[in-house]
Amino acid sequence: MSVPSETFKSLVKAAAEQVIASAPELTSLDQAIGDGDHGTNMKRGCEAVLGKLDAISAQPLDEALKMIGKTLVMTVGGASGPLYGSFFLAAGEALSHDKHLPDDLADVFGSAVNAVSARGRSQVGEKTMLDVLVPVLETLKTAAGQPDLIARVRTTATEAVERTAPMQATKGRASFLGARSVGHVDPGARSSCVLVQAVCAGLEARA
Amino acid sequence: MSVPSETFKSLVKAAAEQVIASAPELTSLDQAIGDGDHGTNMKRGCEAVLGKLDAISAQPLDEALKMIGKTLVMTVGGASGPLYGSFFLAAGEALSHDKHLPDDLADVFGSAVNAVSARGRSQVGEKTMLDVLVPVLETLKTAAGQPDLIARVRTTATEAVERTAPMQATKGRASFLGARSVGHVDPGARSSCVLVQAVCAGLEARA
Amino acid sequence: MKKFINAVDNVLGESLDGFAAAHADLVTLGAERKFVRRRELNRSKVALISGGGSGHEPLHAGFVGHGMLDAACPGQVFTSPTPDQIVEAAQAVAGDAGVLFIVKNYAGDRMNFEMAAEIAEGRTATIVTDDDVAVEKSTYSIGRRGVAGTLIVEKIVGAAAEKGADLATCVALGERVNARTRSMGVALTSCTVPAAGTPTFALGEDEMEMGVGIHGEPGRRRVKLAQADAIASEMTTAIADDLAAPAGSEALLLVNGFGGTPTIELYLMYNAARRMLEQRGLRIARSLVGSYVTSLDMAGCSLTVSLLDAETTALWDAPVRTAALKW
Amino acid sequence: MKKFINAVDNVLGESLDGFAAAHADLVTLGAERKFVRRRELNRSKVALISGGGSGHEPLHAGFVGHGMLDAACPGQVFTSPTPDQIVEAAQAVAGDAGVLFIVKNYAGDRMNFEMAAEIAEGRTATIVTDDDVAVEKSTYSIGRRGVAGTLIVEKIVGAAAEKGADLATCVALGERVNARTRSMGVALTSCTVPAAGTPTFALGEDEMEMGVGIHGEPGRRRVKLAQADAIASEMTTAIADDLAAPAGSEALLLVNGFGGTPTIELYLMYNAARRMLEQRGLRIARSLVGSYVTSLDMAGCSLTVSLLDAETTALWDAPVRTAALKW
C-alpha cells in the first residue's frame, strides 16, 4: 500500500474543515431530537484529525485511514465516535486486505458501512447516518465507472438526508422521542452528507 | 377595663381586611428592597386575627389588644411579626395600667411605638414602619382634641410613607442594599399606613 | 447562558480538577483526566467501573470510593467517554477478579464500553441499566434508557463487590436490581449544554415535558404544567404499573433532582410519591432525596422505585464512603 | 412560576412532611410542624437549636442529628420562625445543660429568637452569625448578615456539645468560629418566592448581582456577567482582605450553591477559588462543595472561608449524622 498522495491529505483536510464549519448546524439538529452535542463531538474529532494530519498522511493509505478511525474513536465519544471510528478503521482494514483504490472503492466503502451497521446494530431506515451512507454505497455500486459518478453521489447524499426527516427514529437518542422524532433531519445523516460532499467537491476540483 | 364595643370589633375587622387586600402591593414593595414576603406575612397574621375576632372581642379592651399582639407574634414571623406584635402587646399593657381611651390615645399609641423602637433597636429615619408610626404619634399629640384630628392623622400617614422613598435604610433587610434602597417606599411603612388609614376610615364612618 | 464557567471547552476539565482537589482524601484523577479512581485501591476485589457523559454530577465520579465504584470515566458533557478512557481506568484499578462495567443504556455509552471491552485485557463483564419507564420497551429496538436507577445498581453491587462477591455474582446481582428498578422523569425547564450555548428545547411558562431522560433531550409528551400531586400521580402510576409488585413489597424510593430544582420541592414530591406508592400497596423501606443524577441546570426531577429484599436492603445499608453518598 | 407544588400555602408543610418521612430514622416533627428534632434525644448535653426562614434547605432541618443540631425551627419561606416555635422546640429537647440558639443576623430572626429567649424556661444563650462580607459592617448599624458560614458554626459547636462542652464553652467556641468565618455570594438569577409567584428581581441575560444574601434580596451591585475566574477573584479578594489571615493559615473552603446551580459548576468555582486563596497564602485543609444554604431556585453560589486550628479541625472532622451532612 503506497503512501497517500497530496490529494488524500487535501481531501481529509477539506472534509474535516467542512464538518467543523457545519458544527453549529449539526448541534442545532441534535438539539431538536437528541442532546445537542453532535456538532461539538464532530468538531472535536475533526480538530484532532487535523492536528495529526501530517503524521496521518505520512502513513500508507490503509494505515492512514485506520489512524483517522482511531483518532475519531478516541476523541469524538458519544454514538458518533465509535460509528465514524469503525467506518474508517474498517475502510483501512479493507485496504490492508488486497483492496485497492480507486477500483475497489465501492467494496471498501461497503466494508466501512457494514462496520457502522455492525457496531450500531442498526440498518437503513432507522433514521441514522446509515440512511445517507447506504444510499451513497448503492450509487457507488450502480454508477461505478460512470463519468457522472461524483455528481450522482452528491445528489444521492443530499436527497438521502432530506428523506430522514419523515422517518421515525428507532436507533440512537432520537428513538426515545418516539413519534416526536418525525419531521426533523437526523444530525448524523447530515454530518455524513457533509463529509461525502466535501470529498466529492475536492475530487471535482482536481478533476 | 370594659369589654370593647362593636366599634372596636369592626375597626379591627376593617384594618385586617384592608391589610389583606393590600398584601400584593406590600409584597411587591418588599420584592424591591427586601425578600418579597411582607404581604404574605401580614396577610397570614391578619387572617389569624380575623379567625379569632369573636374571642378577641369578648375580652376587656386591654386583653383584646394583647391577644391581637400575641396572635401577630405567633403567626406573622419575620421582622414585622415581633414588631407589630410588640406594638399591640404594649398598647394593651398601657391600657392595663391606668390609661384610658379615647383620652389617653396619644399616650397609649406612644407606648406602642416605643415598644416597636425598643424591639427593633431602631429610630425614626431608618426607613422602617417607625417612619409612619412616629409622625402619626406626633400628630396625635399635637392635634389631640382637634375636630380635624382624624383627617390630619390620615394626611400625616400618607405623606410619611412617601417620605421613606428617598431614605437609605439602616435597619431591616433593606439596609443590606446600601444606597440601592433609596428610591423605594418601605413596605412596613406602607403596612403601617394601611392600618392607620383603615382605622381612621372606620372612625370617620361612625362619626 | 448563565453559568459559572470560563470557556466552554474547559468546563469539564476545571470542574474535574476542583472535584479531585476537594475530595483528595477519597479519589485521584487519572492522566489527562481520563478517569477518576479511588485513592486507596483494593485489587483483590471485582473492580466496578462506570462512566458516561458529564453533566449528571455527582453521577458517576461522586460515587467513586469505598463501597461503590472503583473508577468512573467522565465523557464530555452528555457525550459518552471514549474507549481509551475506559481501558486505562480498568488498567489502573483492576486485579485478577476482573472488571464490571456498569453502563447506562444509550447507544453511545454501549458502543464505547463495548469497544473498550474488546480491547481491555483480563476478564470483563457488563451490566446495562435500563430503568426508564418513559420509553416503551416494545416499540424501540434500542430499549429503555438507563437513568437514576443506575445509582442504586452501583450502590448495591458496589457493596457486594466490597464484601468479596465474584464477577458472576456481581453481574447477576446487578441484573436483578436493574430488573426490579423503574424510573420516570419530568422537566419543568430545558437545560443548556455549555458548548451549545442555548437551551436544548424551549418550554412555555405553562408547559412541562413528561418522560424526559437525563440528557436534556425532550420527553415523550409536552403537557400543561400541573400540580405536584398530579405529576407524582402520573409518574408513580407508570412506575408501579410497570413494576407490578405484589402488595406489601418493600421498596426504595429515590426522588432525584435534575440540577435546577431546590431541595424544598424534592421533599414535597417525595411526600406525594410516597403516599401514592403506599396507597398502591408498596412499603417504602428506604429513601433517598437529592440531586444525584442531574441534567446540568434543568429544573425537574425523576422518581425511582427499586424493590428490595433482605439481601439488597443489607447491601444498600452497607457503609459507603464517596463524595456524594456517605453512610 | 415553575415549581413542584400543589398550593402556595402548603409548600412548607408538605415539604416538611416529606423530609420527616424520608429521614424518620434521624428526626421527628413537632406538633403542628413547629420544629424538627432529633429522634434520639440526649438531654444531658447543651441543646443546640437553630432556625430561620425556609427556602434555604437543607439548612437548618437537614443539620439536625447526632453531632450537630438538636432541633430546628422552620419559618415560612424567607420568614423567621415565631417565638412559640422556638420555645416549644427548647421544651422538647433541652435538659439542665441549657439551650444554645444559633441565629443568623437578620432583624426578624434576632427579634423572634430574642422574644423566645425572654419566654423560655431554663438557661439559654445565643450566638449570632454574621459572616457576609458583602455588607460593610461600619455603614449599617444592623451589621453583617449571617449566611452559609452558619453551617460551619453549627457543625463545629455541634461536635463540641456532643462531646459534653458546657453552655459557656459552646458560646465562646461559636463566637470564635463565627469571627474567623467570611462569606460572599453572587446571583445569576433571582429566585421566586412561591407566595409571590414572580421573581424577586429581574436580571438581564448579561447581568448578575454581586453580594447577595440568601433571601433572594438584590445584592449590593448589579454588574455585567463575568467569567468564573473573575467572579471567584472578586469574592476571594473580598473575603481574604477581610479575614487578613497570616500566610500559611489553614482554612475550610465551602462552595455553596443557591439551589439552581448544578454541581459541575460548583466544583469549577471551587477549583478557581481554591487556587486564588492558596495564592494568597491560605492552606485549604478542609472542603465542602454542594448546595447547603440555598435561596429556593436561585442560580448562584457563595464562597465561605473559615480559619481552622487544631481544635476546630478535629471538631469539623468529628462524626455527624444528619440528613444533609454525614461522616
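Chains: A, B, C and D, in written order; residue numbering restarts at 1 for each.
Basically, a residue touches a chain if its C-beta (ideal position, glycine included) is under 8 Å from a C-beta of that chain, and two chains touch if they have at least 3 such contacts.
Owing to the predicted nature of the structure, the values given are computational and were not obtained by experimental measurement.
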Farthest-lying chain, centroid of Cα atoms versus that of chain D: A
Geometric centre distance via CA averages, chain B-chain A, whole Å: 75
Chain B and chain C: spacing of chain centres that average the CA atoms, whole Å: 54
Whole-Å gap between the CA centroids of chain A and chain C: 32
Multi-chain contact sites of chain B, meaning residues that touch two or more partners: none
For chain D, residues contacting two or more additional chains: none
All chain pairs that touch each other: A-C, B-D, C-D
Partner chain A, residues of chain C touching it in the complex: 53, 75-84, 106-108, 111-112, 114-115, 134-136, 139-142, 145, 193, 195-196, 198, 200-201, 213, 215-218, 220
Sites on chain D touched by chain C in the complex: 2-7, 11-12, 14-19, 21-23, 54-55, 57-58, 62, 188-189, 205, 208, 225, 227-229, 231, 259-272, 274, 284, 287-289, 291, 294, 296-297, 299, 301, 326-327
Residues of chain B defined as touching chain D within the complex: 27-28, 31-37, 39-41, 44, 73-83, 85, 119-120, 170-173, 175-178, 180
